[in-house]
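Input: structures, listed below.
In what follows, subunit A forms one complex with subunit B and a second complex with subunit C.
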Partner chain A sequence: MANGAIGTATATTGARVVSEDDVIRVEDLKLSFYTTLGVVRALNGVSFNIPRGKVIGVVGESGCGKSQTGLAIMRLTPGRIEGGRILFREFNAGEEIDIVQLDKNGPEMRKIRGNHISMIFQEPMTSLNPCYTVGYQIEEAILLHQTQDKAEARRRAVDILRKVGMPNPERIADSYPHQLSGGMRQRAMIAMALSCTPTLLIADEPTTALDVTTEAQILDLMRELQHEIGTSIMFITHNMGVVAQMCDEVAVMYLGRIIERAAVDDIFYDPKHPYTISLLRSIPRLGVARGQKLESIKGTVPDPYSTVPGCPFHPRCPAAIPGLCDAVMPDEVFVAGSRTHTVRCHLYT
Partner chain B sequence: MLSFIARRLVNMLFLLIVVSFVGFWIIQLPPGSILDVQIQRLRMQGGSLPESMIQAMRERYGVDDPFYIQYWKWIQRSLQGDFGTSFETDQKVAERIYNRLGISFGLSLTALLFTWLVAIPIGVYSATHRYTWPDYLITFIQFLGLSIPGFLLALVLLIMASRLWDQPIGGLFSPQYADAPWSLAKVLDFIRHVWIAIVVLAIGATAGLTRIMRANLLDVLNMQYIQTARAKGLKESTVIWKHAVRNAIHPLVMALGTTLPALVVGETLIAIILSLPTIGPLYLDALRSQDMYLAGTILVMLSALLLIGNLLADLLLAWVDPRVRLE
Partner chain C sequence: MDTAQKNGASGEILLEVRGLKKHFPIQSGFLRRVTGYVKAVDGIDFYIKKGETLGLVGESGCGKSTTGRTILRLLDPTAGEIIFDDPNIGKVDLAKLNRAQLKRVRPNMQIIFQDPFSSLNPRLTVGQIVGEPLEIQKVASGQKLKDRVAELLQEVGIRPENMTRYPHAFSGGQRQRIGIARALALNPKLIVCDEPVSALDVSIQAQVLNLLEDLQEKYNLTYLFIAHDLSVVEHISDRVAVMYVGYIVEMARTEQLYYHPKHPYTEALLAAIPKPDPRKRTRPIKLPGDVPSPANPPSGCYFHPRCRYAEEICKVERPPLRDIGGEHWVACHFAEKLQLQGITPLNEIPLIELPRRQASVSATTTAATQIPHPQSLSSQV
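Let's turn to the complex of A and B:
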């Protein structure tokens, strides 16, 4: 079904979906976890693309599969990829590599990891190895991918630390992670991730564990470096405020599927999918009358071991059509009058 | 750093004094004394023992003095390097211990080295291949190693060695080599005698250490920084050995501190069974016959080893983990 959707999309707007200038094209990606309690289908046919030099926000509730999508691109997910393709193109008009086909610990994948695609994680407090200095851990990546010369690697590590706004980068390079604050550690992580000027940076909730002031600084920094280096960013978050600040385009995920995809303005001003609409309504806003109750999405995310027939959102959907939504999975279609805004909902077919 | 070591050394000295005093007090607590043991031995050899001779011995051993005077006499001379004379054999205490110390240390250090060299790689393998059949096999052997008492294993190996492989049992050397100068043949003969002891000593410790290593590494492998290391594009072997093992090895280093004295007397039971002349059996005999000076000296020596071991472990830990501060 998802294939069909992409098929139609390609036919109508070949210019966007199969653009030569996509860094990553994920097609119908399926990922499962086999546990003693049963099979968890984490991704059920995820398809999206990341244009070169753009910031794509991937949003959704906990457990919707957004982090696993990022980890699957890195081939670091502990789950099993059961289908689909992840096509990576390092240069514009360059050769496409299907990451799914590579051995996940093989030399080709390791050459991509940390070099062409790098990743920042949510927990800056535990993301750095406590036994090695910050500088050493950055140099490790540079020595692996860029140069054999230790002095040169050191020079570049200090350089990138300066670039991420570290005061006294030489001293920071010789510090151990426990001597730095959370915000400093996340800066160090960003420095490490950008040390080999990757084509794509996957940022998995990089500011969730930080306080608001530090968060704003880190987001500014990432935006700045993104302009400077031209790296594409896949920004995984559940915070719509961060999305508005950071992203060019947004993909909304629900239960292992992308259910809406649009430019950031369209998502905020013209959301289509009932889930996206509810998600936006559940954010507190300034200027809204006091005493008015904040809306919440009724119900909870279904048990991960079960599968929901039809549209996965229908049990919680205020606009569900009985007999259709609980039986047939909607295809991904373009919103009328748009060539960039897609939605997966029966209301728009 | 240096001030830390100096402070620790001063503390150690104080602790040693307390330990030696309490230890000496406990050793003399049971009724009777070395004198009774001696008198009984002389009587059994026949001949009457005149009262005057017993009186002379009483004075010589000083058994009628209160224990703190005995302690004072002993500690005074000990500080000058004279640990006294063993009541039992009239040999110098230092000499009796010294004769056996080398063998004790040699044996135990070999076993310890063997333990670490085997336990760490096996623990790492077991953790990285969790829930595969080699892991189950390793786990099974570990529990076997942990649950079979060392002395039983020693007995089994002794029987197998003598019945099946025609190997010498007991002692350190065959008679023809006992007084011969060192040569390759003598070394081989020595190894043939002590391998059982080393294997038995190593197996129990290896089983325990492998379990600890496996559990720790499993914890560390779930840490975010392991994912970070993988995300850099490092080889899996580098991720494991450079980033994971170094963080998982703390408890092993800590355990090393308490291993040092256990190295010297831990093999008592096994040494008795294999009739190896090590410190363990000597200590046991000294305690049983209330050979005060000998027992006291070994006790203080063991305490000193424990304290030194802990100091070394702390220093080693500070070197392994930069978060540990020596303050």
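Let's turn to the complex of A and C:
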């Protein structure tokens, strides 16, 4: 099957799916942290695009750089962007703006953050101000960008709180963040991120802290909004179930790089990268092979201060080719016969 | 695995819990007067057979951890019996034992916690952490202690040389292994696993789940496996109990519960699991409202304000947990009448073949290699 891939589709510039109508195109993004213990190279050349109106999932092990990618797009990362471009296009055929070139505290970037790109953060407390009620904070966002009418803003705030499944939205609107449970705070934050009807929503593990029944409702709501408003969503998660249910396309990250990128169906039914395959085989699947051992990936992710020569996955890869994988970094190439499925692995070059 | 198969036909009971309650007082005001109770566990019944795994699932705050801790008498029960079949002294009601008596039973019951980052004492070396229970129980000391600790670490896939290092030098999965080694130190019969893999990455999660299964087989361990991930629970459990607001609402063999649920809450939980298959997209059953507070539960059946099958009787009468046949226990007035939807099995991920490539750039062969089977992947870390 995949043998046909060998020696084909290798462009020296690497593979890139370029569509005319991308909300975001990230090109060769590099990001580092300079700490007292050494340099952490968090992103080592991340490239991907987010097509308008689509949900793209970003998955990978803890520490692989998912959050930092999202935070870089928002220009909220504490790390140093050392190279690359983040091209944002507000509407189809509109002007492309390189977010990396903007002053991160300047008026243009603030406008993008408030109006066009919003983010649901991994830690709920980081985006809720403890001094104001939840309703007030949502109303502020609405007043800033949508309407001048206070009563109308209030009505919309309560409405969005109801939409995220809050049992008693009027009462919740008058509560302070600390008066809410973790799950409710998470929902308040989701409500706030959605209240400005963003062009792009970056959702960083938005349901990880929630129970399955609440999670399912929030996912349903996000899907609905995406259909209604046409918001593009960058959905960061480590839950492959959530990816399968929510996403159109998937980018798999490993140690600060995207190592496979494809339509969701291809990721689940025709994965190519050994890491993606192992990842899929390590999750328990309902109704499948009970009592059989799960496949596990040996070892752990190397510590962030070290750099691995060659393919970063080679110390854990069951298919590693000695002499090649431990020495040469594989390029990103198209999988044979596809214009959308890319992989970064010597098995396919 | 099949319960009957695993235990032989006998299915001897190791632990039986009857009418267990744990109420936490709510104190308020200047005088710290008790103004009410959080009924975290409110009269539950279940049993675990020797060598089996009973999964305990339910939403956050429903009382899973409180149940686990009360069984081990890390918390004192408000009411009820906890009958444990101790290998040395036979059946005892743990609820009635005093501290000294408990100390004799303790070695046979251990717990593994969720958070591998805070459950290990950061000031002790790995050797001290694993050896501590042996010292406390005065089982071993000196070289004998060291040998036993080395053996335990080996057992969970940690190199014994690591004995002198501190927990912070290990990853989450490795710390969880250390916690497991400590739990195993005294050859326990029952281990309460309280969300042992929830904090771990999926690939690491698989390593730890496999380890727990291997150890169970080797030492005939019995697990109470607490988790909120229903896929993990399905994978590891022989039987599953579902909790809702301090009460067990359904308990059955795993296949039975997942394919043929009899309680409306179980049905809603199963429908909500995000299935890792893009060709099987599902929509959740809308549950109105929130999980009620255990300090102020609704009348009758606690699930009635959210249940789409509720009738008048549900508001006034609390349905008891009863066996509707074949060890299937349900607390619902209409368990026999309702036609509920269980899961449909997912497609297996197709076995992916990787093309083989040689180090020399041009060489290609047509032979395909498969990703090695998990057993051949070393779990040593």
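We adopt the following convention: the second predicted complex is superposed on the first by the 298 of 349 C-alpha atoms of A that agree within 3 Å, B and C clash if a C-alpha of one lies under 4 Å from a C-alpha of the other, contacts with A are read in each partner's own complex, and residues count from 1 in each chain.
Basically, a residue touches a chain if its C-beta (ideal position, glycine included) is under 8 Å from a C-beta of that chain, and two chains touch if they have at least 3 such contacts.
Worth saying up front: this structure is predicted, and the values here are computed from it rather than measured.
Student: After aligning the two structures on subunit A, examine subunit B and subunit C and state clash or fit.
Tutor: By the criteria stated at the top, subunit C and subunit B fit after superposition, with no clash.
Student: Which partner, once the models are overlaid, touches more of subunit A's residues, subunit C or subunit B?
Tutor: C
Student: May I ask you to decide whether A:Pro284 touches subunit B, subunit C, both, or neither, giving the answer as first, second, both or neither?
Tutor: Touch partner of A:Pro284: subunit C, not subunit B.
Student: Mind computing the angle subunit B to subunit A to subunit C from the CA centres, in steps of 10 degrees?
Tutor: Apex at subunit A; the opening toward subunit B and subunit C is 80 degrees.
Student: Examine A:Ile321 and indicate which partner it touches, taking first as subunit B and second as subunit C; both and neither are also allowed.
Tutor: Only subunit C is touched by A:Ile321; subunit B is not.
Student: Which partner does A:Cys131 reach: the first (subunit B), the second (subunit C), both, or neither?
Tutor: It touches subunit B, and subunit C stays clear.
Student: In the overlay, answer first, second, both or neither for which of subunit B and subunit C A:Ala141 touches.
Tutor: first
Student: Which holds for A:Met189: it touches subunit B only (first), subunit C only (second), both, or neither?
Tutor: Touch status of A:Met189: first partner only.
Student: With both complexes superposed on chain A, which partner does A:Leu76 reach: first (subunit B), second (subunit C), both or neither?
Tutor: A:Leu76: touches subunit B, not subunit C.
Student: Give one of first, second, both or neither to describe whether A:Ile97 is in contact with subunit B, with subunit C, with both, or with none.
Tutor: Once the two structures are laid over each other on A, A:Ile97 reaches no partner at all.
Student: Is A:Val308 touching the first partner subunit B, the second partner subunit C, both, or neither of them?
Tutor: neither
Student: Report the closest approach of subunit B and subunit C over their C-alpha atoms in the superposed model, as a whole number of Å.
Tutor: 6
Student: Return the residues of subunit A at which the contacts from subunit B and from subunit C coincide.
Tutor: Dual-contact residues (subunit A): none.
Student: Along subunit B, where are the residues that touch subunit A in the complex?
Tutor: 223-225, 227-236, 243, 246-247, 320-323
Student: In their complex, what parts of subunit A are in touch with subunit B?
Tutor: Contacts found on subunit A: 74, 76, 105, 110-115, 118-119, 121, 123, 126-131, 133, 137, 140-141, 144-145, 176, 178, 189, 192-193.
Student: Show me the residue ranges of subunit C that touch subunit A in the complex, using the header's touch definition.
Tutor: The contact residues of subunit C facing subunit A are 1, 59-60, 171-174, 201-207, 209-210, 213, 228, 230-232, 234-236, 254-255, 258-259, 268-269, 271-284, 286-287, 289-291, 343-350, 352-359, 364, 366, 368-369, 371-375, 377-379, 381.
Student: In the complex, go through subunit A and note every residue touching subunit C.
Tutor: 1-3, 5-7, 61-62, 167, 182-183, 211-213, 215-217, 219-220, 238-247, 264-265, 267-272, 274, 277-291, 293-301, 318-319, 321-324, 346-348
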